[in-house]
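Heads up, there are several structures right after this.
Next, two complexes with chain A in common: one pairs it with chain B, the other with chain C.
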Partner chain A sequence: MFRNTSSLIQPLVFFIIIALLFPFSLPAEGELLQRIGGGVIWVSAVLATMLSLESMFHSDYQDGTLEQMLIHPRSLPLAMLGKALAHWTATGLLLTLFSPLLCVTFNIPSEQIWVLFAGPLLGTPSLSLIGATGAALTVTLRRGGVLIAIVILPLYIPILIFGAGMLTQTAQGLEVASQLYALAAILALSITLAPFAIAGALRVTIN
Partner chain B sequence: MQESLERDLIDTVNPITASWNFLSDTYHRLGSPREFYTISRYTTPIFGILFLTLSLIGTYFGLFVAPADYQQGDSFRILFVHVPVAWMSMFIYIVMATAGAIGLIWRIKMAFVVTICSAPIGAAFTALALLTGSIWGKPIWGTYWVWDARLTSELILLFLYFGIMAVYYAFEERKVAEKATALLSVVGVVIIPIIHYSVEWWSSLHQGATVFAEGGPKMPAEMLLPLAFMAVGFMFFYGYALFLSMQNRVLENEHKSRWVREMVIRQGKNNELVRFFLHGRLRLRGLDLLGFNIIGASRICDFS
Partner chain C sequence: MPSSKVISVKDLSCTRGDNQLFDAVNFSVSGGQCLHVTGPNGCGKTSLLRLVAGINFVEHGEISWNSSDTANNPNFYSECAYIAHKEGLKNELTAIENLRYYQQLDSGTDEVALDDILDKMGILKCADLLAQQLSFGQRRRLSFARLLIADFTLWILDEPFTGIDTSGRNLIESLCVEHLQNGGLIIMTHHQSLVDSPLNQYRSELKLGRA
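The block that comes next holds the complex of A and B.
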């Protein structure tokens, strides 16, 4: 993934463009943008992650690396954990680093910007891990992209609710600790369980 | 003395062993498509009759005997449909995921059939729960829909059912499709506790647990009784719909096997073949509309 810089840049550019489409399509009122900004950034991050999922196992499947991993005596779930975390550093981490920058374009007050940094930092690894399960299920299909969306988006909704909920909480001057705890709990669950689901999905779909 | 003691022991153990043997025998027989087909041909009508009886009794008591609510008046009576249907939407998911796990772990063919046939029934119950809920919400909350924890998570459940159905149809090879569907249904099971506890975790417009609340149900018996009748009745409806759908799928999956061919030929001799197909089609049309059921009978036509 790091060898090919275009796969590194594409999700990031997609993320920024999607987020910037909203100011263009909505009345340019500072107050409105400020209110919806957090949600828009979260939705864009989810879409950008999803877009990059299709290529996650694709080249490995094409050149037979994946089959080698399957028959290798080394633990497959552990390898998949590494794979998902590598995917996160190339997408989720980058998106997290750029989301404070997008906050500026949405007029989000500077004291709230850390919320849009901490939230994605805890939330995007879960997106990669859960998404990898969908990618593994659909890796053998020729047109898996739409199917990934149908399968994975319902599972993303809880993360989205907690992540975007943080911003409305801070806007009202309330504590966000509970949302952060929830995101952390989802992350803990997906780090421990998702690798097994990914490995299982690969064993099912690849004969 | 010794003999009588042994006889006593046998006498006390026997009914338990016998019933255990019977259960385990039935369970193993259900694992075979052919045996399932034979058994379910007898049990399915029983389920249907039980569903009709129980739900008719529940409807009568719910509409005419149960008193009106002191706050909500008569509009609360939709509860007798809404609550059992919402329970079923989650119950079916749990059955589906459990069957999926059983299929993946012990490689039982019929478990996958349970998973795949449960998905459209569960989706229908979920859609019905959302529909009846919004009809109830209009007079009581003043709105058909709110973006509230319970409603949103139920909607996620509906989309999850759709995703599971979509995965099954995406794969060309049936065995891979079955396993992939089972795996996704097991992964999605995390959503069930979120739905169940959403009313307690978040402050919600939806009322909290009333029937399975701490310290017993907060509901008079005249309301609880019809609710119980409806809940058990819907459970039998699930059994009825599931078995019909499973029979259909078994015929489709096994249409090349000998017992299906022999059965069709036998029924053709008795001039019942046409009746069988007509009857089968008629019975299955309701489920067919859900888009998941392919008429196995039409495949059988090809070779007979």
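The block that comes next holds the complex of A and C.
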């Protein structure tokens, strides 16, 4: 992945551009941007992850590596966990590192910025893991991207609700621990269950 | 390598959509034997190989390796190598890196010198070229180099001589003969006759497709 720099840069650039379109297109009221900023950053992160999912298994499928993984004696779910986490380091982790930067464009108060770092840090690995399941289901299709979006976006909604909700909470001076716990719980669930779902999906689709 | 290894297929059939490719295929291959699957295009040669390798699900029939089922059988998977048209090579990696990837997956050791294997396959000079810069034949040779990394007992080869020159073909044939003499098993498809090939004396033929 690191020799193929376009797959590394694309999601990040897409994320930043989507998020930056909002300040340009909305009325220049500082308070409005402040209120919607968190949500916009989260939606952009979800869309950028979405964009990178289609290519996740595509080259492995094309060059036959995926078939070799299927018949390898080592655990396929474990390999898929590694694959999803590798995907996360190139998408989710990068987006997380850049989201505090975007907070500046939305005029989000500095004491709230950590929320837009901690939230994505806990939430984006789940995006990669759940998204990988969708990518696995559509890997044999030529234009699987739209289908991935239809299958996966509804599953992203809980992460979006808890993630973006955190910012509203902090703006009102409330605790955000419950949302962080919820994101952590989703992450724990997706780390333990998604690898098996991905492996199962791949076995069925390659068949 | 003990010659007691045997793969047997009972009553295997394969359906693609509404189209039945083959029905009630039975065979048994044991150490030192090469099964040559023949038949016209589209008769299910590749599907048969994929079923045996464990990539596709077996719906009807059974495949057993040393009398235990092959499905989800790590013993079988660790002894079986499947080489097909899709070489399983990463374009972004060099030839030797591709090989090293499989070496670490398959044998977990660094003992076997990869350079020697590449040299044996006649592609040592391209060791540091990216896989996407290799010619088709060189890629085929590289994918066969994988067979030499670990001690695979069963080689499943889908059209091993496609896109490869005469010396490459001779090389692969001699590797196969060596493998068979050591008690290995080979299941391969090839659309041409193997009567003139050194493999002939080890070979039994399975004809697919209705007459």
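In this text, the second predicted complex is superposed on the first by the 207 of 207 C-alpha atoms of A that agree within 3 Å, B and C clash if a C-alpha of one lies under 4 Å from a C-alpha of the other, contacts with A are read in each partner's own complex, and residues count from 1 in each chain.
One rule holds in what follows: a residue touches a chain if its C-beta (ideal position, glycine included) is under 8 Å from a C-beta of that chain, and two chains touch if they have at least 3 such contacts.
Predicted model, so just to flag it, every value in this text is computed and none were measured.
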Practice item. Considering only the touch criterion stated at the top, classify A:Q62 as touching first (chain B), second (chain C), both, or neither. Key: second
**Study point:** Touched partner set for A:I157, first chain B, second chain C, both or neither
**Key:** first
Exercise for review: Return first, second, both or neither, reflecting whether A:I71 touches chain B, chain C, both chains, or no partner chain.
Suggested key: second
Check your understanding: Of the partners chain B and chain C, which touch A:T138 in the superposed model: first, second, both, neither?
Key -> first
Exercise for review: Mind telling me which of the two, chain B or chain C, contacts the most residues of chain A?
Suggested key: B
Practice item. Check whether A:T205 is in contact with chain B, with chain C, with both or with neither, and answer first, second, both or neither. Key: first
Practice item. Show which residues of chain A both chain B and chain C reach, each in its own complex. Key: 207
**Study point:** Residues on chain B engaged by chain A in the complex (per definition of touch)
**Key:** 104, 152, 156, 159-160, 162-163, 166-167, 170-171, 176, 179-180, 183-184, 186-188, 190-191, 194
**Study point:** Residues of chain C defined as touching chain A within the complex
**Key:** 53-57, 74-75, 77-78, 80, 82, 84-93, 105
Practice item. Report the residues of chain A in contact with chain C in the complex, numbered from low to high. Key: 3-4, 59, 62-65, 67-68, 70-74, 203, 206-207
Review point. Along chain A, where are the residues that touch chain B in the complex?
Key: 133, 137-138, 140-141, 144, 147, 150-151, 153-155, 157-158, 161, 189, 197, 200-201, 204-205, 207
